[in-house]
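So, here come the structures, one by one.
Next come two complexes built around chain A: one with chain B, the other with chain C.
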Partner chain A sequence: MATDTTTATTREPRRPVLSRLLRDRRARFALPVLAAVTLAAAASPLLDTRSRATDTDRLLSGPGAAHPLGTDELGRDVLARIVDGAGVTVVVATVAVGAALVLGTLLGLFAGYRGGWLDALLMRAVDGLLAFPLLVLALTVVAALGPGLRNALIAIAVVTTPRFARVVRGEVLSLRTREWVSAAHIVGVPTWALLRRHLLPHLAGTLGVFAALQASTAIIAEASLSFLGLGVQPPQASWGAMVAAGTDHLDASWSLSVFPGLAILLTIAAFNLLADALRDALDAHRPDLDPGR
Partner chain B sequence: MATPSSMPPALLSRRALLGGAVATLTAVGLTACGDTGERGGGKRGGTLTVGFDNEPTTLDPALSSAISSDRSVLNLFYDTLLRQERDGSFVPALAEKWTVDGTTVTFTLREGVRFHDGTPFDAEAAAFNLRRVIDPATKSTKAGALKKLAAADAVDPRTLKLTLRAADPLLLVQLAHEPGMMASPTAVKAGDYGRKPVGTGPFVFDAWRSKVQLSGKRNTAYWRRAADGGALPRLDQVVFRFVTDTKVLRAEVTTGGVQLVRALPPEEFKQLAGNRQIVLDDIGVRRSYYVALNVTRAPFDDPKVREAFAMAVDRTGVGKAAAGGEFDLAPSFATSKDWFYDPSITPPPFDPAKAKAALGGTPVPITVVARRRAPDPTIAELLQSQLTAAGFAPKVEVLEAQTQLDRMRKQDFDATLLVIDIPRLDPSLSFDPYFASKGSNNWSGLTDTTLDGLLEKAVGSDDRAVRRQAYVDVQRRIVGENYWIFLHQPKSPLIHSAKLSGIVLNVDGQWRLDEAELAS
Partner chain C sequence: MIGYLVRRIAQLIPVLFIVSVVLFLLLRLLPGDPTAEILGQEASAADRAALRADLGLDAPLWQQFLDWIGGVLTGDLGRSWLTDEPVASVIVDRLPATVELGLIALLLAVAIGIPAGVLAAVRRRTATDSALTGLGVLALSTPHFYLAALLIGVFAIWLRLVPPSGYVAFTEDPVGNLVRMVLPAVTVGSTVVAVVLRQTRGSLLAALGEDYIRTAEATGLRRRRIVTVYALRNAMVPVVTVTALQIGALMSATVVTETIFTLPGMGTLIVNGIFSRDLPVVQGAVLVVVTFVLLVNLVTDLVYAWLDPRITY
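Up next, the complex of A and B:
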């Protein structure tokens, strides 16, 4: 058990944020959904063969006993493919957003703390990237690199990084004038250690909330790229590509695009609600008015 | 003026952007037409908008590489010396009469015909065109079609004499199509000809925006008359819009945005069946899906691996997934009505277990290239699944048309999925380009002397029975060696608005639109 000596200031439970989060209704919805998606992703290698097994005697059949969510245009099991697609979604939410988080935080920290020409240069570059709508920029990156999951991940990381950099820089600007930062600087704490030990912990909450929000954006971006045929390539399943295939056969099977669409919807809603709940839980000044919230 | 009043509504599709651009362009085009197209009355006039999925890469008939579909476009701008009717008979066109005397063919040309740029059409111009096709420097894709032609000479302005190396039973067939299309020598010499075609045909080239549309305006000086003596063409303008998304094509023909569609896959045209505004006419044309294997490199240089591929593919399953019930299975590029059809030629039966055993355990990596146009990606995905089950490790690349063709020309693939329209004018046109060592579309990279010999034999005779036997042997060889795997043959009806009539078809179902008319 990790002991935490720095935050023992109140009479709150030992893990105030977590306990507040668990009491939040939004989090109570979001966490099980995300746990289910993660479980599905973990299970997806087991269902690999099932999700790729075509059956031309059973094309576009509706939900039934053998196939709970029906089959697609090549007779593959839709449930198995949604589970398979969860793997992609989790990779996007962790790898792409994780890469953007690390890169963006580093850029933001240095830009904000150093200031001067480095800040100006980095922030103008970030402004340039932020000027484009997210999906347009992602499309451009994929067009340059070629379709595929790896390139989609790169594209999403590239378009998400400036957002993290912006947020982190803003926070650092307000923190670096505080007395304890100046004090640390004066006693000769090296810049790197100062950023890591004194500034970064204060950013953790903001970053957590923002990462959850960006995860939902990244999932939409991946789904959109795959919908356009530029993301995940067959036979690997992806929710976006499944929705696209479903729209091609909407007149023959209503269920084909509905279920993957629902999976996208639920996952994104879960990330957004989690972000909301996390922000409230992290807000130490927020009076705990309604315990049932 | 019978301008179609229904503008294509901005379709909500994955290609909405492109659609929007096209709609704007068409709007501009129609407005312009309203200003200038006031001549003619009754059934004459109007703009025919065609939805076309297979944009030509060039409008130079000598360099056109799509074996048949380009001709629906080229027929707008070009004439040939003679025409072949759907029943196979020949009628005069730019030549009024001709005599075949062994290895000499003499044409008497029509007088007073001019190319769209004013250049007179005479024997010298005709000879120029034929010489250009057989000149190795042109690198014409049609050179093979005229390979027996030794010389083309203008005896006098109205007399063209062809000297052959040997009698060629197919010469007139060839001259009635792309190899015999007459282009203006002035325009050809001016350069960039593939984008600026000038012929003597019913329509004058107007504009071509790649991936958007191509248009032609009425040739007011066209030489040909209708059977009732009326002037041709009847339409003021023809616009070919290049739309590859079959959903969009179907929607466009339903809403009247286009009045004629080249080819729709079965799942789309089945939905048009009850619509009284639309005519679906089964003209006997089939699309023949195939997979060509690259025999110039591993692993398909090994006949055993090719056989394993053939055994891995469930052709009925592919047909069901990609064409609903609307398909035939045939041994090769022969439809069941063709005279060279032989049902006893059969590919290895579907047997993934045997294929897997033949490959010996380790998955064999292969690259499959396919075209980004429904239902090809679906077929590719299904093949990928079937191949994986049979011990291959296939990587599928879904490419734009031009990219795929480039890859095929460079033989940078292991297996390629594509389709041709059959029947063709003559079986030699179905088989020679793809299977002769020097064929222009020899995707597999074959250098099979046995096959070359059979193909030679098949075109060396006038005798139907001899030719039939040769073509049966050709098919047996191709299928026996598993150079190609012939998949299903979806039906391909002619689909057009009920207002449109007068479409004349080539032997292979390509259109001539000079007599077409639109009811208001």
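Up next, the complex of A and C:
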């Protein structure tokens, strides 16, 4: 491949994944955004509590010096509420997606490696769950458990787990036939160790990309549930609920739903772009779709 | 082909069965006593017990499930606990708004997404490509309820071009209906447009890299003809599939969008059913939505197999 040797010096395919990722423009946007959201979530308990207090003298004021992003329908500072809401978003992306990642990976590993009737049974259950449109299933789970953040997290974990299981199983099915897996099996490596030490490391890249994508989906789902009034309950701040409050006062204050919505949009875009950048960074030798002209 | 069709339909049955079990069990987890919701908290224990018997809630779970599934198979989805109307007829009333919303959104997405995707592919690695691809990422990252709020703010409240919400049936007032459908359809279509754009760009670029395109170029055909006639035709097959597979996402989007624009569709039916704990309505509506999604996926696979003669079944 003559063309590859000439581009190799600029592309440096041997660079470790992290440094390739850090040189990617999409990651350079995504990582600071996600760091800011995490920082906001960590900092919110330290914030001056007066700014979140309700104040009838400053209802629905637009952005100004005292309140950079204005105040809401109860006179609370919108910026402070957005900082508070960051916590919910971080919890959704870590706890709900994390639980789905662990559970889905275990199910997928097990089903894919064991095969047979267990695999068939698990995969039919996965098919059944995946047949539900995501938000419709999340709504059904919330209908069963009742509204609230904890139940919204459970709902999101329930809708996300089968997606991880499906992806992991697919990867395991293709890895299972490789020679080094058979070799490990023949020399007597126990199944559990084989899965953990030999198969799991190969899944890390795929799982990283998929988790970033699922985090963006999960954040949309939580925000949508909270927007509908079925997720985070007042007075706790959630970006989705803030947009909902804003839509009730669109004629009085344009800014009320704009800023929390922007926070959601930036976070979701960051996860989507991070997933794209990570995929490319992991996959330096991927044949380009470029026709090469 | 017939064998394939039969096999695919046979595969659908266990999935539908699992869907109905999951749905039934989930909704039976519902905390609280539904009879208290219907009769009010001060109803006597005897009244509530009578209602429980009336609604069949005192039967064992498996029997309740068999009763429900037996009804479903004969087209009887039970009665609303709130209004006592047959659930099936409530759903039939609600379907037109959702179907119309979904169809207009899909039309918009295809009408904008395919040309935009072709443009991005043809102008690959130019400012046009970056702008279109960037817009796609933006559309995929914007939650539907946020886009809806922005659209209402700009077009209904600031510019006063359309009413902020509400619905009139197409048969009553076609113009009024379409005017009120524009913003909801743009909202629902926004993510589909992005998916169509991405897929069109990707598969057109792949098609342009094929040998037969080089041959066509060698014969001196015009670029425009090569793109539209030779490459695009082959590139469209995955676009059709990916678009049709968006049907699930489309249904999720309509739930939120109908609620914001107060459209009397399946989405508002489900959401209101959850708030009022009207179990049979939620159960029936969700089952209809899921069945619809599964059927569309089935038809997509069949169309795909029919479009691409290389697929064997």
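Please note the rule applied: the second predicted complex is superposed on the first by the 265 of 293 C-alpha atoms of A that agree within 3 Å, B and C clash if a C-alpha of one lies under 4 Å from a C-alpha of the other, contacts with A are read in each partner's own complex, and residues count from 1 in each chain.
Note that in this section a residue touches a chain if its C-beta (ideal position, glycine included) is under 8 Å from a C-beta of that chain, and two chains touch if they have at least 3 such contacts.
If you're wondering where the values come from, they're calculated on a predicted model, not measured in any experiment.
Student: Which partner reaches more residues of chain A, chain B or chain C?
Tutor: If we count touched residues of chain A for both partners, the winner is C.
Student: Check the residue A:G231 against both partner chains and state whether it touches chain B (first), chain C (second), both, or neither.
Tutor: neither
Student: Is A:V136 touching the first partner chain B, the second partner chain C, both, or neither of them?
Tutor: A:V136: touches chain C, not chain B.
Student: Would you sort A:A125 into first (chain B), second (chain C), both or neither based on which partner it touches?
Tutor: Touch status of A:A125: second partner only.
Student: Just chain B (first), just chain C (second), both, or neither: which does A:L59 touch?
Tutor: First partner only, chain B.
Student: If we overlay the two complexes on their shared chain A, which of chain B and chain C does A:D251 touch? Say first, second, both or neither.
Tutor: Both chain B and chain C are touched by A:D251.
Student: Jot down the residues of chain A that show up as touching in both complexes, chain B in one and chain C in the other.
Tutor: Of chain A, residues 227-229, 244, 251 contact chain B in one complex and chain C in the other.
Student: Can you name the residues of chain B that touch chain A in the complex?
Tutor: Its residues touching chain A are 14, 247, 267, 271, 314, 316-318, 320-321, 372, 374, 377-378, 380-382, 384-386, 388-389, 396, 398.
Student: So in the complex, which bits of chain A are touching chain B?
Tutor: Residues 52-54, 56-57, 59, 73-76, 227-229, 233-235, 244, 248-249, 251-252 of chain A touch chain B in their complex.
Student: Within the complex, which stretch of chain A touches chain C?
Tutor: Residue positions touching the partner: 124-125, 127-129, 131-136, 139-146, 216, 220, 223-224, 227-230, 240, 243-244, 246-247, 250-251, 254, 257-258, 261, 264-265, 268-269, 272-273, 289-292.
Student: Under the definition above, what is the set of chain C residues touching chain A in their complex?
Tutor: On the chain C side, the touching residues are 14-16, 18-19, 21-23, 26-31, 124, 137-138, 140-146, 148-150, 152-153, 157-158, 164, 202, 205-206, 208-209, 213, 248-253, 255-256, 259-260, 270-271, 273-275, 282, 286, 289-290, 293-294.
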